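In the two assemblies presented below, chain A is common to both, partnered first by chain B and then by chain C.
Coming up: the complex of A and B.
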C-alpha cells in the first residue's frame, strides 16, 4: 500500500498539474472555436469521465490531486490568471468568462438547497435579480459607490433568503416548489409593474466598479499588451468565485453540510437526532441567496443595464440545469456545470429559438442517464476514518 | 358590473378547473405532480387548430354532418391525440423515475412541459405568433334578456359540468374507477388485493389526457387567441387551484379553481390599477393556503410517517 502511495505521489507531481493544463487547453478550445468543436470537447470530456469512473481512474486522479495539493493549486491559479490574458484578443471570449463566473456563483448558492437539502428551489433567478436590482438602485438612485451597492445587495438578499426560507419550514417537496415558483413569478410581475424599479424598461446606466480610483471599465496596459476592460471584471469575478467555492466546500465538509444531507434523507429522522431544522433550513436559504446577491451585484455593474428578462423563470431553470449537470452537492462540479452550460449557451446564440428546447432536453437526459451529474459528490473523509 | 364580473370569474374558473382536475387525478395515483399538465392542455388547443385550419378536416365533416357532430368529432379526435401524448409523457419522463427521489419527476415533467411548448413554437406553422382559435361556438346570446351568456359561454359551462359528472360516475361507479381510488388511498394495499397498478396508471393517464384534451378546446374557445407559451401560466394556475382545493381531491380542484378565478377577476375589477396585479393575487392566495391550510379547502390532513 505504501508502495502504491509513493508511486502516486511521484507520478502525481507531474500528472496532476498536467491534467489542469489539459483542462484549460480544452476550455480555451471550447470558448474560441465554433459550436461543433465546443460540443466535441464536451462529449470527449464526458466520455473520459464516464470511462475513467468505470476503471477507477477518477478516484486515482482525486488521490493524486490530494497528495499534491499545493503544486496543483499553484498551477491552477497560475493558469487561471494567465488564461484571460491569453484570450485578450477577443473581448467577446472574455465576456463569456465573466458571465460563466457569475452564473457559477448563483449555481453554487442554489446548490445549498437542491444539492445539499434536496429541495428544488425554482427562484434562484429571483434572488439573483433582487441582488442586481438592490445594487443598481443604491448606486443609480442614491449615487452611492457600487461597492456599497454590493454590500446592500448582500444584506437584502440575506434577509430575503430568511423571508423565503420561512415557507420552506412548513412545506417541502411539491408544495415548496410551488412556493418558489410563486415567488419567482411574483418577483417578475412586481418589477415589471413598478415604475420606481424601471418597470418593463429596466435600469440603464448603472455605474461600474472602481478600485483605487480606477474604473474597472478602463482598458488596461500590461507590458505593452492592450487588455480589454473585461479582464478587470474577470479577475474580480474569479477572485470572488474562488472565495465562494472555498466557503461552499468548507460548509460541505462541516457539520452543517452533514446536517443538510441528513435533512435530505429524512426530515423527521434528522429532527429526532437533534438537528435544528429551523436554523439549518434558514441558513441554507440565506447563504444561497447571498451567493446569488453577490453575483447579481457584479452582473448589474458589469452589464450596466438590467431588465426583468435576465431574471425570469427560464433563467431559474437554466441555473437548476447547471447544478444538475455539474453534480449535485459538489461545489467543483457545480462550477464546472455552470461554465460548460454558459459556453454552450453563448455558442448557441445563432439558434436562439432552440435554446430552451435544448435546456429541457439536457435536463431530461441528465436525469435519465446520469442523475448524479458529471462530477458526482464523493463520500466525505474524516481524519481517522481512512488510511493516511 | 358585478353581474358581468361574476360571469367572467365563472368562465375563468371553468377553464382552470379541468386542468386542476388533471393535476389532482395524476397526483392521486402517482403521488407526483405532473407539471407538464398545462402544456398538454394547450397542445390540445393547437391540435384543434391543426384539425380545423390546416388539415381542413372540419370542412370535410361539416359537409357530412350537422355542426354539432362535426365539432364533437373534431374535439374527440383532438382529445384522443392528447391522451396518446399523455401516455407517451408517462413512458418517457415519469416512469423512469418511479421509486426514486421525488425531486426527479418534478424536474423532468417541468422540462417536458418546456420541451412541448418549444416544439409547438418551432414546428407549428408560425407557432411563435399568437394564433386565432377557430370560432366553432357561436357568440350570440342564448336569451335576449340575459347579456353575457352567449352560446359559447353556456356550452363551456355545460361541458365542464358534463365532464365533471362523467368523471364522478367513472370514479365512483365503474370497477376501474374504484381501483383508481384504491391505488390513490393506499398503493401497497391495492396491489395486495389484486389490483393491477400499471393498468390503473395507464387508464388514469388516458382519462386525464382526454379531460385535458377537452379543456384545450374550451380554453381556446374562451380566449379565442392562443399562444404557444400559454401552457406555463395554465399549468401554474391549475396546480395552484388543485393545491388551494386540496391536492388529490377532484371536487376540491373545482372549488380551488373558482376561488382563484374570483380572486383574479375581482382584484383586476375593483382595485385601482389592479389589472397588473391580478396574477399576483392568485399566487398570494396560494402562498397563504400553503402556509396556513396546506391541506386545502376539501383535502384531509395527512399525518407524516417515517
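Coming up: the complex of A and C.
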C-alpha cells in the first residue's frame, strides 16, 4: 500500500463519517428552515462540488469513502435512522422526507432510460401512476392487503414497461420522446374518463400498510417520545430506497449497465458487440417501471387518496429534472437530486402562483452553473477485481 | 480444409442501387484482402456478413451454418467480429469498459444474478478483466496502464489497436477489418500490420481485410478479391490480380 493510500485510509476514517454528518445537518437545515436556507444549502453544495472537482477534492472524497466503506455506511445508516426522530416535532417535515424518498425511487427507475441509455422518457409519472392505481384498486376494490397491492403493482408495471418499451425499439431521440409524451397524456385521459378507476374524483380511502398486525398509520411511542405515523413510512421508504439504490448500482457495474451506455453512444457498435438491442431496451424499461411501480404503491397507501393530478405531465417533467440535476447515470446523484428538488418544491409554496416560475429559474441557474448535474456519472473502476 | 465462409449470390439493393450484386465468395482459414475503388461495395459486403444489413437476396454460410437472417448481435456470438472504418469506440467509456463490451456475448451472467449473486458477478468480472488486459497488453503495454482513461484522451493509433483488441477479445473465428490503417502514417501502418501478422501467426484467426494500401495487401493477404460496382471482377494471389487487365483499368491504374 502506498503512502497516499494509507493516508487516505487514516484520515478518511474520520473525515468520511464527518462528511456524512455534515451532510445530514445541511439536509436538516434545508428541510426545517425557510426557502432561503434551502437555497443557501443548494448553492453551498454546488459551489463545493465545483471547486472541489477543480482541486481534486471530490475525487479524494470518493476514494476516502471507498477505503472506509463500512464505517461510512454504518454512520450513514445510523444518521438516517435517527434523522426522522430528530425531526419528530413537525409532521410536515417528515411528510417531505417520505415524498422525497418516493420520488427518488421513481427518478432512479427513470435513470435507467435517461441516464444509462440516453432515451428521454417523458412518461415516468404515468408509470408511477399505474403503480399507484394498481395497488389502490387491488386493496380498495378487492379488499386485499396493501402488500399484495404492491406485488400487483410490480407485476403490472413490469408488463407495462415492456409494452411501452416497444416504441423505443423502432424510435429513438426526439421521436421516442414524442411517443412517451403520448403515453403520458393517454394515461391521464384514460383514468379521468374511466369511472371504474374513480375518474376525475380519484380513489379515496386507500388502506394503509400494516406490519406485524400494526397499521403504519398508528403513531408510535419510543422511550416516551411521541412519534408521528409518518416515521413508519419514512423507514419503509428509506428501506426500499436503499435496496433500489443497491440494485441500481449493481446493474450499473454489470455488463448490462455497460451495454446500456454502449446503446446510448452507438447502437450499431453495440449490436456488433453481441448486445441484443431489443432485450436490453426492454430490460431498461421494465426495471425502470418496476421502480416507479413500487414508489407508486407506497404513495397510494401513504396519502390514502390518489387522483390524476398526482401523475400528470408536470410531474414527469419534475422527475426528469431530478435526474438531470442530480447527475445522470449516478444512482447516488439521482437520489440527491430527487431529495433536493422535492424540498425546494415544498419550500416554494410561499410563492403560490409563481411557484413553477421560481422552480424553473432555480433549475436553470443550477444547470447553467453545473450542466453535468451535481454528482455526474463516474468512470467505472472495478476495485474488487483488481489484479494481484 | 472446411470452408469457413461462403456467400451464394449475395445481393443487396438500396432502392434500385445494387451495392452488392450476386457475389459468390468462398474462404477457408486465410487472410482475404478485399480491394476495389470507392463505392464498389466492400464495406457493404462486410456489413452484410456482420448482420448490420439484411441481404435482399442470396445466402451467407459460416462454418456450414446459414447465417443470412441472423441479427448483428447473434453474428458476434457465433464468432464473427469486426472493426469499423471510422473508429467507433464508445468515447464516454474507459479503455477497459470498451474492452469489456467486446466480451458481452461471452458472458453468461443474467441480470438478476448481477443483483442477487454478487459473488458470481465479481468472479466473472475478474476473469473478464484479466482477459481484456491480456489482449490489450499484446498490442501495447501502455494501454494496460491507461485502462481507466476515457477513450477521448487516447491517440488514434491506440484507438485502432483497442478496436481490434475489442474484436479479438471474444475469440472470434473470423475477423472483419474495415480499413484498419485509414488515417495512419506509414510507421503506424507498419506497426498495425505487424500486430495483425503476429495475431494471425499466434491464433490462426481468419481475416477479411479491406485496404487501399497495396503494400499492406501484398504483405499480409493470402488471397485478394477485387470488387467493382458490387461484383467480383478478379480473385487470386496479389501478384495474379495485379496483372489482371480489368483490375488495372478499374482500380489499380496502369
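In this text, the second predicted complex is superposed on the first by the 368 of 388 C-alpha atoms of A that agree within 3 Å, B and C clash if a C-alpha of one lies under 4 Å from a C-alpha of the other, contacts with A are read in each partner's own complex, and residues count from 1 in each chain.
In this text, contacts are C-beta pairs under 8 Å (C-beta built on N, C-alpha and C of every residue); 3 or more make two chains touch, one makes a residue touch a chain.
Everything numeric here is computed off the predicted structure, so don't read it as measured data.
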Of the partners chain B and chain C, which touch A:171 in the superposed model: first, second, both, neither? first
Touching partner for A:364 - first (chain B), second (chain C), both, neither: first
Of the partners chain B and chain C, which touch A:181 in the superposed model: first, second, both, neither? first
Going by the contact rule set out at the top, does A:277 touch chain B (first), chain C (second), both, or neither? second
Taking the superposition on A as described, I'd like to know which of chain B and chain C A:268 touches: first, second, both or neither. both
So in the superposed three-chain picture, is A:353 touching just chain B, just chain C, both, or none of them (first/second/both/neither)? first
Partner chain in contact with A:380 - chain B first, chain C second, else both or neither: second
In the overlay, answer first, second, both or neither for which of chain B and chain C A:317 touches. first
Under the contact rule defined above, give the chain A residues that sit at the interface with chain B and also at the interface with chain C. 266, 268-269
Residue numbers on chain C that touch chain A, as the complex places them: 50-52, 71-77, 81-82, 84, 88-94, 96-97, 100-107, 109, 111, 114-115, 118, 121-122, 125-126, 129-130, 133, 148, 150, 166, 170
Chain B touches which residues of chain A in the complex? 114, 118, 120, 167, 170-171, 173-175, 177-179, 181-182, 185-186, 189-190, 192-193, 266, 268-269, 313, 317, 320, 324, 353-354, 356-357, 359-361, 363-364, 367-368, 371
Using the touch definition from the top, list the residues of chain B that touch chain A in their complex. 32-33, 92-93, 96-97, 100-104, 106-108, 110-115, 117-119, 121-122, 128, 232, 236, 239-240, 243, 247, 276-277, 279-280, 283-284, 286-287, 290-291, 294, 304, 306
Given the complex with chain C, which residues does chain A contribute to the contact? 247, 250-251, 253-256, 258-259, 261-262, 264-266, 268-277, 283, 287, 379-382, 384-385, 387
